[in-house]
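Sharing a structure, written as structure tokens. Questions coming.
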């Protein structure tokens, strides 16, 4: 079962219960919570005043609960495990929820094996637009990712100062150039079917002007990342020009720029759902359980680890999504599949040659093949 | 047995049989065809109106049939297997056919082990001419491929904008340069014994002029790919200047530019045979069963998979063929051996670290050693 | 037990004993020393006149002795092993000593596992400042090391002539540039939380001027290596501007420039202790048992081998320390952890694909993942 | 036993014996020769008129014979094996011979394990001088080889057009530059203890002038390769300026330019011995059994295979020799050790990931570690 439920508690613990919780937390024992750590409630987010049991392990009944996917609650449910207590699964499946997990079963429903007689034209042409002086590597990572995820052709569109770097690093990619140190014209000529835009872009006034013009004229599906998000945050009206089903891939700070502050992770989730509904887009919030909001629903990824918390990881993800849309996956399918495989590669990496610390963004490419292979086992 | 036969049926199914076929296709059962899916005929290619059984598996008698190698028929014979029904092999071998498969047995007849006292001079000097601003990576791949397949020396001839890229990427290769962003002079100085030409070339008017002059003066064996094919398609008279046994390596669209449209895959095969006869050349049509036409015969490759459907794969193949001709294989031998090993490397890759999606063109190099090793088992 | 003790002997051997020692050394037998090779004394360093048994193996009682960690004594105790003779460990632990070894147990007390919900911001932003024309590779190694050890973001600040080199080599890093061929302005803009400075810097007068200004204004924690050490050696007053807990990573010659000559390894140790106390800094002297001096104590590393005796190894170490401080380790913790992992990677390397000779500085990156993994076994 | 002997026959077969040999060669049987294929004589080299048994296998008595190491005789002794027939080894060892093989036993006598307390200064500083526009890769390979074989520091001195290429490819190396597209000044500043010179140099008149001046002033040990050999061949008087124990590494054509033509491989051997005596140098003739001539003796290498017959292999070898001399091996020791390890790496490569064809010069680096490791088994 993939649905995630909120838990039922609504009132924060008081009096005697509160004291018990404090005593549990002050003890040096290993605490195991049954169903939920007492005091942890989806309807009543923890604050500084809350009393919540800090459990080392939580054995939760039948299905994971929303609170477990939120950074806010990290210290209360460090490790958790679902305990099958024999509830009626058919009944559970009928319950309404807006929260889902992404696991292998879901991904296999999306993933399509390649046809025998396919050719590179079958797998589309992805374009990556980005880069500025000193931030060319981000475009290198995104462009390579576009190809690595199976895109038939990839073109990088970047400032002239990135030309040799890109052609040296990714011989399989084609390159188009714009101005010397930043992008201002956005006048690519390749015939592409999806565009990933924003990585390493910076916010030079001419870049902003060019990006504005680009958005107004563009008809291709978009994946919007990094500085393209930051520009949109500063020029909200531009959001009116994004195509339906655009994918946004902010990290929490970038998302904050886009929608303002939130009180806690529950409000953040609401803002994600609202944003995705308002702009008919897919909103991917990167983090431990990367969350994908679409049409009011949120999908939490279950792969990945802190190895991904490193510069360039997001660029790789943007390339993966771009490359999957090029292969005719819908924007939502591409988002789910990319997020899952991106995390799974990092999971495989730390079982093989790397550790959470030593893993660099480009190491994702080394293990993507095995991540795909694992889908077929 | 490597010969491929057409099947004997000549009339499309009508009336009751036609209805049966429709019913079979509408049923949700797994369909297994014996010998051939009913209605699939080499002499009567499927059209929109055809009634053909869509089989999941076909158990075909004694020898594979031509129709199984054609993209057109993909959905009617998804998977097929040869069933030995005890026909007289000696008799079969006497039957005339123009269609053959390429498998390990054939390849072993071509492949020559290296002599003990050989030196780099024994293995020739291949030249790759190609590249233009933004498409230098293609030349990098082809040049590295030339060396990787065993060529003694390789030189890349490309625009100045590719100089550092090539020298960084392939230290084993030498480099000569032409104009700044495209090639127009074609005046290489290295003493080479074969030239692979066209990858990433683009069709700048000065490039076309230079290429024309080059062709008229050239006396070296040629492997012609990509934009060199496109230029020839637009300037047909130039074909009079290609040397005997030139190798052409178009993908279907490039071939179409060369010979015009075809109705179906059978007509495409005819056009290949005609073209190869008219210009005394080897015509390699890249695709799932890459087909090599020479002197009216067609050889279908049996290695490779959809991992190769990615930008740069063709550049690698061009380099492999060039590097094998440099080693004194005939153009036909080089074509067969290159196509086989190129596919086999991709087959090994997906058994090891990669998947069909994650495989990039340059990954071919990592597994070529094992492809060669498998010839000796 | 990790403490290292001096041994108790105080008088050099004379007369009959001296003759015995000479006879032992002249014999061709394999010599095994019990506790200590006779004549080897911590309080009386060997000189040309000393008579000391040259043992192939030394079985030392209960705890390693200081003399075993010093290059000076290499030929007297080629291999040594600690022999448990049942001394009272609790008593030993109470004895005062300034010398300690760094082994897995100590390192595990320092090492912190990553939190589940961490993000790249959790792991800091390290800056590497260095490089000059012809010495850009050193900055490449240090910058990559900063990321490889787990830093969230890394920026390289170098001369313009290193721009493309860095962006090609480390796509995960950002780049800022200074003057054409050397650094003189030191005006980085990234928001970083630690700076590794000096690798490949050279000592151009303008570089010295700029470095002076930089030191006076800087408030960030520093790791000082190579030419930054050499400049400080020539301009001692500048030492007044280094922040508390700065890490210095000289090799012996660089340290000599900083503090003048020493008579023997014991005096060298004293100078290290003094220097670290005088400037409230961490002094890492690179060598076989890399020694870290801090607040009058010295920590000897027990990992690593002569594979690390190769150009660029020090640059990698500087990057590792910088990257660990960025992740909120204290300067001392970062020094200990970096030195240990840097050595351990080389130890793993020679068990796997490399030898002491074939190991190059950048090979450290390939085995760092496994070095981290070994901490968790 | 490592000595190689000539065989005793002196007269070519005539009459009945000649007819027998012809009949044997015309038969289609697999021929096995005992001791020697009849008619094969060291004192009477084969010519077009010779009658010699063409054996598939030769079982030679007690010790290999000289003729087996010469390309000239390849087809007469394709595979050979030494057969112990109980001759008196002590007696054999007393026999005089100028020909020796290089195998693991000899190499182990030369090879020195690294001292524990060694540092990068212990392993010297090698300088590679070479390169010209389009031939920078050769210098990249030689410089990397210098470090890979264990040299403490390496500097590449090349034309400006190679600056970025080298710094990108070998971050561990330092770089000095000369003129734009070729070398003419030869004014390096690094303090080095050996110089490898000539790879990719070309023969521009200014290069020749500069090289002349360089040779007259130079006092460092030299390894002379490629175009430096060609220049010396054209300016013989310059040979008077090479230091004692200079290492020359020609392939046969380069050697021919140096000493003129030879009739057969025996005369070639004589010319090698003479050249090495005349100029007090080490002459390494690259080929299947690479031969090292020194003071009238010739050492044949027994490792390596035709994988090494590829562009760049020689550059790698030059770097290996340079790097070993830097580590204080004598020129002869360095030559023997380098040739042996260079071949052994290629032998290991084809047992692992590569084939004789797919092996590229830079693949040597991947297996050098294992080649060193095998010395210690």
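Letters A, B, C and D name the chains as they come in the text, with residue numbers starting at 1 for each one.
In this text, contacts are C-beta pairs under 8 Å (C-beta built on N, C-alpha and C of every residue); 3 or more make two chains touch, one makes a residue touch a chain.
Fair warning: this is a prediction, and the values are worked out from it, not measured in the lab.
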For the copies chain A and chain C, the interface residues, called same if over half of the numbers are used by both and different if under half, are different
Between chain C and chain D the C-alpha superposition rotation, given in steps of 5 degrees, amounts to 90
Of all chains, the one whose CA centroid lies most distant from that of chain A is D
Whole-angstrom distance, CA centroid of chain A to CA centroid of chain C, is 40
Rounded to the nearest Å, the gap between Cα centres of chain B and chain C is 56
So chain C residues touching two or more other chains come to 164, 168
Among line, ring, star, complete and other, the chain contact graph is ring
So the touching chain pairs work out to A-B, A-C, B-D, C-D
In their shared complex, chain A is touched by residues of chain C numbered 113-123, 147-154, 163-164, 167-168, 170-177, 365-366, 368-370, 372-373
Counting only contacts in the complex, chain D reaches chain B at residues 71, 74, 78, 134-138, 140-141, 161-162, 164-165, 168-169, 251-253, 286-288, 305-306, 309-313, 349-350, 353-362
